[in-house]
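So that you can tell them apart, the chains are marked A, B, C and D in the order they are listed, and the count of residues begins at 1 in each.
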Amino acid sequence: MKVSIIGTTGYGGGELLRILAYHPVFEIQSIHSSRGEKFISEEYPHLNSLIEKKLEKIDIEKISTEADLVFLATPSSVSSKLVGEFAKSQIKIVDLSGDLRLKNSEDYEKWYRHEPAEISILEQAVYGLSEWNKPDIIDGKIIANPGCYPTATLLGLAPVVMKDCIDPNSIIIDAKSGVSGAGRTPSKIAHFAEISENINIYKVNEHQHIPEIEQQLLKWNEKIRPITFSTHLIPIGRGIMTTIYGQLTAELTTKRLIELYQEMYDKKTFVRIRPEGQYPAVKEVRGSNYCDIGINVDERTGRVTIISVIDNLMKGAAGQAVQNANLMFGLDETLGLEFIPLYP
Amino acid sequence: MKVSIIGTTGYGGGELLRILAYHPVFEIQSIHSSRGEKFISEEYPHLNSLIEKKLEKIDIEKISTEADLVFLATPSSVSSKLVGEFAKSQIKIVDLSGDLRLKNSEDYEKWYRHEPAEISILEQAVYGLSEWNKPDIIDGKIIANPGCYPTATLLGLAPVVMKDCIDPNSIIIDAKSGVSGAGRTPSKIAHFAEISENINIYKVNEHQHIPEIEQQLLKWNEKIRPITFSTHLIPIGRGIMTTIYGQLTAELTTKRLIELYQEMYDKKTFVRIRPEGQYPAVKEVRGSNYCDIGINVDERTGRVTIISVIDNLMKGAAGQAVQNANLMFGLDETLGLEFIPLYP
Amino acid sequence: MKVSIIGTTGYGGGELLRILAYHPVFEIQSIHSSRGEKFISEEYPHLNSLIEKKLEKIDIEKISTEADLVFLATPSSVSSKLVGEFAKSQIKIVDLSGDLRLKNSEDYEKWYRHEPAEISILEQAVYGLSEWNKPDIIDGKIIANPGCYPTATLLGLAPVVMKDCIDPNSIIIDAKSGVSGAGRTPSKIAHFAEISENINIYKVNEHQHIPEIEQQLLKWNEKIRPITFSTHLIPIGRGIMTTIYGQLTAELTTKRLIELYQEMYDKKTFVRIRPEGQYPAVKEVRGSNYCDIGINVDERTGRVTIISVIDNLMKGAAGQAVQNANLMFGLDETLGLEFIPLYP
Amino acid sequence: MKVSIIGTTGYGGGELLRILAYHPVFEIQSIHSSRGEKFISEEYPHLNSLIEKKLEKIDIEKISTEADLVFLATPSSVSSKLVGEFAKSQIKIVDLSGDLRLKNSEDYEKWYRHEPAEISILEQAVYGLSEWNKPDIIDGKIIANPGCYPTATLLGLAPVVMKDCIDPNSIIIDAKSGVSGAGRTPSKIAHFAEISENINIYKVNEHQHIPEIEQQLLKWNEKIRPITFSTHLIPIGRGIMTTIYGQLTAELTTKRLIELYQEMYDKKTFVRIRPEGQYPAVKEVRGSNYCDIGINVDERTGRVTIISVIDNLMKGAAGQAVQNANLMFGLDETLGLEFIPLYP
């Protein structure tokens, strides 16, 4: 199977290269970037002697003809236009941007402040939360790969929301992200001397991942009310932790909830539930496709605390993209993704 | 005025030295440590040529006779014993440990798992949240200096709790702390290779600062119900951010709430309220005694998000301790504390 | 005395504000920036309630009339033009850029690749290495404030070079710098995700501070031959360490060399020599104007290792600039600079 | 092939697990630690669901019988005793400690201050610098796996030392290491709040890797004189950079030297030579077994600067250990080591 990557020089694109270089089925057919035609090792010297391909201009016809699948690691508002073009051919598409995730165009316009994708494209796009939308992904031609925050949040919330164990008007998510999430283009927020030894909160109650999370929660449980979702920037390179709070509707112990999570994530390789009294740390999934989850019920308040961690470039982007590509081609979803976390 | 410091070689003690070295009224009479008699610059080389005092053994009688005030920068369970001894003399005491903060001995035993201080001592001890307990501090002889997390949390919550603007059963505090909060003794949690590039949650629903926060909130508003309070370790040296969530009981705008905070913190030099749309970052108070607060009301949910940041070694420990000492001696509370944040 | 600052929104300018806000003699008359007219706290929120001045456009005539001294915290090639204008009036000038440091215009063109300043200006400019050029600085009207690397290097080398203890053809300086040295403008080299968990070497044998160091070494000892000088970027905000290697020409012990350094730096408050067996760390001078120096002679090789550390924004920029300003106005050089290092 | 690991809970042991979990030929037979019998995931939660083995006590007879090879990831002075025991059986041994590296027992005693290994063991031990001692390693039964600093240094110096291009009395190595090199046991030097935002120099002219480097350099070129070698601690988790300086003995250009390095490292997969004008950064080899080398000749001084970077836990420890194990069993040396650097 031949795959092409567009937007190769960003962090998501770079991570796709790291995964695909040794993937047993997918072969990198071509890599593309708007940064000009040069060897990828000029942009990413760590790939010297490993990937000696040259970056090419984006040629939709050529890619559509030569590749079986294209990964779009392009920014929002760029992706929607490219998908429109690629959709005319038979090529399968995994889009890592936010452009195809919201089914409601008005929501997209409100939260992204860009022009939305065509409705016909939005209708075709399958939301690629691999663990929970597997049948649709398998049959899909266009995948809207989930955002990094939504992935951690939704995997953490799925069991209690599906099983109606949580007051639908009580969900608060406090998210903390590493700085690679801000992308590779230099900016003030990601400038070393500004963010080192610092913690920032940003886009307070305005983050574009809010409607994405709510859309999926509502699919699982129509009673869900608007959530509170906050994003903090932490001086680490990779990793997201979401600390999720909610009021339980039944008297559940920590032990019982953990059992529920273990049942519901049984056979889902990339989600690991921690035993009682243990909580995941961000570095324990670094460089891997795992989402690790810990749970605690506070008897004093009747509230549950759910801690969910991922590597934002892996399970939060390129890792889940390849997991979805595996599914689309009928492969084992873990293929090429057997990375052990890089610890310490 | 002469002051002595016990527990000088910890981070709290070191910060007291940084402040007191140039304090216009207090003079360092003696410094004490259980680490043996040696020059302080052997423990803290950055003090070479600045503070050439020798560490001494703890001699309660000598200190009581020679000094007007003693700072106890000693661990919990050590402080309570020392205070018992010092209380017999006329010396004023500021205790930076948690030993004297909880009025209820049973709470102390439950959350600290140590033997509590004598009741007579607990009765005398004034909770030293400088901005809100000023009259008691001025008259006090023994100050229980607040914990780092409670300081950030309580300053952030005071207006909405006092003015009854918040559902008393809805308070959730997500706290993030730098690693200096774990003290100076090497430990696994504070080991560089473990915590760098990492985020940890610890003591989930078990942190000993929970009853301290609730005790003060209940003094302000007896309707307050148990809070949810989580603590995360972030790979920075100094700094705490608390992100506080609560359901508003009235329809308040961000603008109106900011006005309320500005009114209630008027003339309180060390609390700075950010204008609408701006939020404080941890490094913006580094090395200073400020607590900076930002506020946002989400119309979708009716919830308020309050962001409060401090330097845990300053406003969260040594800075507030000196602020309280200033008050106890009738001085301007800002004396010797005019540090501009070290940015970047 | 009234002072103005041009280039206030960069890190050097910000540090000048931190120092001057409480300086007992200098008063900030006006602050200037090309970023537009707004309150400085919009650029630097940590200065909220502390410095409420508004940034102004650069008006050379107004500044010359109203201020006694102007600090230029402007980039190379901008400074030279401004100095040319200010030099026509009576105002004293401290230029923090590299524009006035090299006496030889051709050297400037070769290493900086900009047009050099006018020769008459270069002739007037005094190289402001405070500890060693004090008489000239006192009499100076225009100060070329030294670079960060040259300051650490020259203070480390002065005794052995002046006293001819070192083979003039053997000097190798391995310098390590924090990322604030790259300035406040976002750039790839200072992008968090690129430099965190990383070490870079840059401008190998091409750094513009090489001729600055050699020029001063030659003034001290005309036998000095070209040096090797390397610069590494380290993921910390502030701080420079230079590790300096050289072949000793006489049989000197570590002890004897330390005595020499102590003699030669006697009464020079801001240089602290460590005792035998101790070496300075970068954080031990953070936020202060100190340069700490440690020395070791290796009997196996006959080489000396000199370790010199500074805070690049203080002794390496704004701190030394104020020290020079103090000297120019006949004040004690330490005035307003009594900052204890912020440790940890 | 069955392998056992002793000292599994340290960082070297943990990295062996990461490599061996998916090694196509080696199978982990047993893992051992002095920390007691428990699941490895209790010590390393990131291995949950990946490696479900239990740590065992060290039973030399059992290991010797059941495994074909044992990795000793044990501290110096522990390894020498274990090797003495294992050497009585047929099992192959790779020792990651410093105990077997120095052929001269007196040197060991002087630099390590422990009792040396038996002479018969030292005579059998092959110094496992994979790229240059391949024939001996292939035939070896006991491998002394090189130290992290020596690996980076020796790979950087080999061509110029072998080809006699460098003044044998001019070699200076300035090494910078991440904090994981200090091991997993909490200590002051590796305490987060002490080393974050800091740079330290340690063991000045006293590091035990000095004789190891000199021993190998002398095997390559008997004219080599004592080197200067300095070690700095940098606030990153993984990675070593050595900046190597030396006086060239012939007029060589950067271009010519790079060609020499390319020729001499041709077919040596894990050493990558950068093209002219490019220099490796530590993060560009993170998590991989590569050693990347950059070279610059300064015409002004006639000195060469060689920059060599490795991941200290991979090529500097566990990676090279597996590379050597591959060679000992006649396998391709890259087997199981095809890790692409984790960037960013």
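Note that in this section a contact is a pair of C-beta atoms (placed from the backbone, for glycine too) under 8 Å apart; a residue touches a chain by one contact, two chains touch by 3 or more.
As the structure is a prediction and not an experimental result, all values here were calculated from the model.
K.L.:
By mean C-alpha coordinates, which chain is most distant from subunit D?
P.N.:
The most remote chain is B.
K.L.:
Could you quickly compare C-D and B-D and let me know which has more C-beta contacts?
P.N.:
Taking the two pairs in turn, the one with more contacts turns out to be C-D.
K.L.:
If you average the CA atoms of subunit B and of subunit D, how many Å lie between those two points?
P.N.:
Comparing mean C-alpha positions, subunit D is 45 Å from subunit B.
K.L.:
Measuring from the mean C-alpha position of subunit C to the mean C-alpha position of subunit D, what distance in angstrom results?
P.N.:
Chain centroid spacing, subunit C to subunit D, equals 39 Å.
K.L.:
Specify, in ascending order, the residues of subunit C that touch 2 or more different other chains.
P.N.:
Those would be 11, 178, 180, 193-194, 196-197, 235-238, 281, 283, 286, 344.
K.L.:
Which positions of subunit B touch subunit A when the two form their complex?
P.N.:
Contact set of subunit B toward subunit A: 172, 174, 176, 178, 193-194, 196-202, 204-205, 225-228, 230, 232, 234-239, 241, 243, 245, 279, 281-283, 286, 294, 296, 298, 300-301, 303, 305, 307, 309, 344.
K.L.:
Given the complex with subunit D, which residues does subunit A contribute to the contact?
P.N.:
11, 14, 17-18, 21-22, 44-50, 180, 196-197, 237-238, 269, 272, 274, 278, 280-281, 283-288, 292, 338, 340-344
K.L.:
Per the contact definition, I'd like the list of subunit D residues that touch subunit B in the complex.
P.N.:
Touching subunit B from subunit D are residues 11, 178-180, 182, 184, 186-188, 190-193, 195-197, 235-237.
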